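Below are two complexes that have chain A in common, paired first with chain B and then with chain C.
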Partner chain A sequence: MNYPLLNKTAAVIVFLALWEILPRFGLVNPMFIPPLSAVLATGLHLVENGELVTHTLVSLERAFGGLLAAMVVGFPLGLVLGGGFPRLREAVGPLMELFAQANPLILAHIIIFFLGIGQSARIFIIAWLCLWPITFSVIDGIRSADPLLLKAAGSLGLGRVGLFTRVVLPSSAPTIFTGVRLAAGYAFIMLIASEMMGASSGLGWLVAQGQENYHVTRIFAGAAVITTLAVATDGLLRLVERRVVVWKVNTE
Partner chain B sequence: MSVTGESLRRFLLRWSGVAVFLAAWEVAPRLDWIDPYFVPPFSTVLREAGVMFRDGTLGMHLVVSLWRAVAGLLTAILIGMPVGFLLGRRLVGVEQALRPILTVLSQVNPFSLLPVFLLFFGIGETAKVAVVSWVSLWPVMSFTITATRNVDPAQIRTALSMGISRLDLYCKVVLPAALPTIFTGMRVGAGLTFLILVAAEMLGSSAGLGYLVHNSAMNYLIPRIYAGATFIVVLGFLLNRLLLHVERRLSGVWEAGAFVTGPAGPAGAARLPGPAVSVAALGAVLIFIVFGGLEVSRINREAASYPSEALKHFGHIGQPVDR
Partner chain C sequence: MATHGDGTHKEDLKIVLKDIGQVYHLKKSADGSREFQALKDINLQVRAGEFVALVGPSGCGKSTLLDILAGLTRPSSGAVYIDGKEITGPALDRGIVLQGYALFPWRTVRRNVEFGLEIKKVPKSERRGISDHFIRLVGLEGFEEHYPHELSGGMKQRVAIARALAYDPEVLLMDEPFAAVDAQTRETLQDELLRIWDETKKTIIFVTHSIDEAVFLADRVAIFSSNPGTFREIVEVDLPRPRHNSDIRSSAEFGWVRHRIWELLQSRPSQECREGGNIVVKDAISPSATI
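Coming up: the complex of A and B.
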C-alpha cells in the first residue's frame, strides 16, 4: 500500500473506534470503561472550568523542574566522573548504584520533614529519580568514546578542549539522550504516584480524586492527558536528538 | 603483588564510598549535625531492622512483595513472549500497523490505571499483580519482537534447508538465538516492576515492603522507615546484580564500559542453561508461586481480621474478628 500515514494511523483509529463502540453496545461494562465520547465530554468540561489546565501546569512544573534539576547536577557529575578521576569513579560506583535503587517515594515522608509539603519536596523526589539514569549515561557515553577517533583527532593536532567538545561530546550524545529519555519516563511515572499519595493538585491528584468519587470518566480523562504528555515529551526529546545527533546513521 | 592482594585492594576501593557514607550516617546524628530524631544513626536503624527480622515482620512483608513481583513478571512473560514471537516473526505487517498504538500503550502511566484495575479486579492481589505486569509487559514484548526479528537469516535458512520442522525451528534456532535479548527485556521489566510495586504498595495495601515503610511513617516510627527503606534498597541492588549476572552468562558478552557493572571482564562464550538447570529454576519459581500465594492469602486474611497491623506488632494483640 502507498499510504504510509494511513497505515500508521489505522490501528489508532481502530483502537479509538473500539473504545467508543464496545461500551456503547454493552460489550464492556460502560460503568468501568466509559465510551470515548463520554471521556472527551468530561475532558472538555474540565478544560472549560479551567481545572485541567491548572493541574496540567502544576504537574508539568514538577516533572520538568525535577528533570531540569537532575540534568543540572547530573551532567557535571557525569562529566567529572567519566572524564577523569578513575579511582574516585571506582570508589563511588557502588554507592551511586545503591542510591539509584533508593526509590525516593519510600523516603517521601522523610523528605517532607526537611523540605515541607510544598512543591520543592515533590521536585526533589523527581530530581533524585532522574539524576541516576542521566549521570550513568553521561559517564558511559564519555567512557565509550572510540579511542581510535580520539587518537586520530589528537594526532591531527586537536587540543584537550577541542578533543572534548568536538569528539567526545558528539560521540557520547546518543547514550546521553537515551539516559535523558529514560529519566523523563521515570519522572512521569513517579510524578503521578507521588501526586496520588498526598497532594492537593496535579494530574495524579485529579485521577485519585476521580477514583474516590467514582467519576470514572474523570479517571480516564486524567489518564489520557498524562499519557499524551508522556508521549509528547518522549517525541520532543527524540526530535531534539535527531537535530543534535546529525552524524548518526539512522538505524530504525 | 599477588592476584588476591590486587583484587582485595580493588574490593576495598570499590566499597570505600559506601563505607564513608555509612560512617557519616552514624557520626552526623551522634554529633548533632543532623537532628537525630529525623535521621537516626545507622546503628539504631540496624538494630530496628534486627528486631523486625526476629519477630518475622520483615520476612512476612518480603514474601508478600516478592510474590507480587514474581507473579506480575511471570504474567507479563506469559503474555509478552508469545505475542512478541507472533508479532516478530509471523505477523510482521500487523506489528507495523500496531506499532503506534503499542508505543502509546507502553507510555500509559500504570498509576493512572490503578483505579481502573481496582474496578475490574477488586482491591485484592489481582489489581496489584495487574499493575506490575502491565509495567513489565511492554519491555518484555518489545525486546522479544526485536530479538526474534534479528535472528541471523542464514541460520534460519540453513536449518530450513535441512528440513527442520516449524516447531523445531522455533525451539532450536529462533528461541536460543533470541533468548539473551529477551532476557534483557525481562531485566528491564523486573527493575521497573520493583520500583512500581513498592510505590503501589504505599498507595493502598495491607502488607508488603512499601506498606511497611508507609505504615511506619504514619505512626512516626522513624527508625523503622529507614530500616524498611534500607532493606528495599539492598534488595533492589541484589536483584539487579543477579539479573545482570544471568544476562551476561546468557549472552556471553561482557559489555565493555558499562559503568554500573564495574570493569569489563573477558568475553566468554554464550552459555545457555542446560535442561536440568532450566527445569530446576522453573520448578523453584512455580513452587514459590503456589506456596507464596497461600502464604500471601493467609497474611491478607490475618491483616483483615486484626484491627491494625501496627498494633499487632506492638504487643496489643487485637481480638480476631470472626473468621
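Coming up: the complex of A and C.
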C-alpha cells in the first residue's frame, strides 16, 4: 500500500464519491448537479460521436496558441527590460502594470473589430493575459541573480554575454517557470471565457450550449474536460521544471 | 625570512601592491558631498609561493583590497602588479574563493569544478581528468555528480577551492573562506588548505577575521587598521612547517605570535573611530579562534 499516494488522492476520491452519492440519494437536486456517472455517460457519448475530440482539439489550439504567443513576445521583452535597460524598464513599468490589470474581455468587441471573430481574436485575448506573468517573471528572474555568483564568475574574466548566459539565465529559470505556470493557468480560464462569446466550437462553446439548452450533464462534462486539461498542463510543466531546475527539487 | 615547506627560499616577487588607495564618493548629505577613504598607502610585496594573511576589524577594507587584487575593482590610486605586469581586470591567473561558497546551484560538483576550464576553453575530454584530480585533492571523490544543495557547508567550501584551483591560477585569493563553517570543520579545512598549498605551490592571499587562523596558515600576517584602511604592521610568522596535522596551535611560539598580533590590533588609537565621522568600527577583535 502506497500511503503517500493515498494521502494525495484521498480528498479527490471522497469528492468524486460525494458527487455520485449526494445527487443519487436526493441530498442535492440532480437537476442542478447530476451524479458523476451521468456526467461520465454524457462524456462517453460525446467521445463516441466525435464532438468532444473536435472541441478539445480546437480549445487546445487556442489555449496553447495564446500561451506560445505570450512566450514568444514575453521572453524577449522580459530579457530586454530585465537585462540592460533599467531606464526603459522604469519608463514602461507602470504602463505594463496597467496593461496587466486590463481584462481583454472588456475590449473583446474592439479586438474582434480588428482581428475578426475567428481564431486569432480568441488567441489574442488569451495571449494578452498570459503575456504579463511571463514578462514580469523573466524580468524578476534576471534581476534576482545572486551577486555573489556574478562576482565569482566575473572574477574569471567572464564578459557581459558570458555572465548572462552562464549565470543570469540559469539562475532565473525557477522564477520564469513560476511565471509560465501561472500563465498556463490563465490560458485555460481565458479560453472558456473567450469561447463563450460568439464561438461555434470549443469546450467553452460546449458548456455555453449546455447552459442554453439545459443540458446540465454537458456543462459538467465540458467543465471536467477543461479542468483535466488544465491540471495535466500544469503537471507537464512541473515535470519539465523538475528536469530543468534540478537544484530546487528538494525545497518544494 | 619565511621559508616554504621544502626549505627553499623563493625570492622572486609574484605580487606587488604599490601605493594602493581607494576613495569612495558618498552620497550627498546635509553637509555636502563627502569622500570616504577606504584604503590608503597599501604597499606589499608577495613572493611566489608565499602565504600572506590579511587580518583586521570589519570594514577596514580587507575585502576591498581583495576585490582590487581580483581585478573586480579598480583602485583610485596605485597599482597591482602580478609577475611585473599591472593588472587591469579579472583574469584566469587568479582564483577566488569567497565566504558564501558561490557555487552554481544548477551545476554538479564536477561541473562547478570545470567552470573555469570551460571559460578557458579546455576541451571536454581534458576537463574530466582535471576535475577528477582536483575533486580528489579536496577529498570529495564519490560526490562528483552531487548538487551543491546536497552538500554540507564544509564540503561546499571544498568544491569552491577545487573550482578555484582547477584552471591552474598561480595566485589564490581567499576572502574569509572558512568563516561560515563550524569550528571543527574549520580546523580540518585549514589543515587541508595547507596540504593543498604544499602540493600546488600557489601564492595565497587569505583574508580573515581570526588571528588564530592567520597565524596557523600564513608566512606573514598583514595587520589592518581602519579609517582609512592601511597596514599597521606586517608580522612574520616564523613557525616551523609543515604545520598541518600538527599540534602547533598549542605551542608557546604560536601563542606568542598570536598575542603580538592581538596587541597590535588592540592598540588602535581611539580617535581613529571618530575620524570617519559616522562610520564607526564596532567590532573589536578578540584573540579567540572564531568570531
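Miscellaneous remarks
By definition in this document, the second predicted complex is superposed on the first by the 249 of 252 C-alpha atoms of A that agree within 3 Å, B and C clash if a C-alpha of one lies under 4 Å from a C-alpha of the other, contacts with A are read in each partner's own complex, and residues count from 1 in each chain.
Definition applied: a residue touches a chain if its C-beta (ideal position, glycine included) is under 8 Å from a C-beta of that chain, and two chains touch if they have at least 3 such contacts.
Since the model is a prediction, treat every value here as computed from it, not as a measurement.
Once chain A is used to superpose the two complexes, chain B occupies space next to chain C without a clash.
Using the contact criterion defined above for the overlaid structures, shared-chain residue A:Ser171 touches chain C, although it does not reach chain B. By the touch criterion defined above, A:Ala152 lies against chain C but remains apart from chain B after alignment on the C-alpha atoms of chain A. Of the two partner chains, chain B is the only one that A:Phe136 touches; chain C does not reach it. Of the two partner chains placed by the overlay, neither chain B nor chain C lies in contact with A:Val161.
Looking at the superposed arrangement, the partner reaching more residues of chain A, out of chain B and chain C, is B.
Contacts of A:Val245 after superposition on the shared chain: chain C is touched, whereas chain B is not.
When the shared chain is aligned, chain B comes close enough to touch A:Val231, but chain C does not. One geometric descriptor of the composite model is the angle centred on chain A: between the Cα centres of chain B and chain C it reads 90 degrees, in steps of 10.
Once the two complexes are overlaid on the shared chain, A:Ile189 sits against chain B while remaining clear of chain C.
Taking the two complexes aligned on chain A, the least Cα distance separating chain B from chain C is 9 Å.
Residues of chain A that touch chain B in their complex: 7-12, 15, 31-33, 82, 87, 89-98, 100-103, 105-110, 113-114, 136, 139-140, 143-144, 185-186, 188-190, 192-193, 196-197, 203-204, 207-208, 210-211, 216, 219-220, 222-223, 226-227, 230-231, 234. Contacts from chain A toward chain C in the complex involve residues 146, 148-149, 151-158, 162, 166-167, 170-171, 173, 245-248, 250-251. For chain C in complex with chain A, the residues that touch the partner chain are 70-72, 89-92, 94, 96, 98, 100, 102, 104-106, 115-116, 119, 147-149, 167, 173. For chain B in complex with chain A, the touching residues are 10, 13-18, 21, 38-39, 96-101, 103-104, 107-116, 118-120, 195-196, 198-200, 202-203, 210, 213, 217, 222, 225-226, 228-229, 232-234, 236-237, 240, 256-260, 262.
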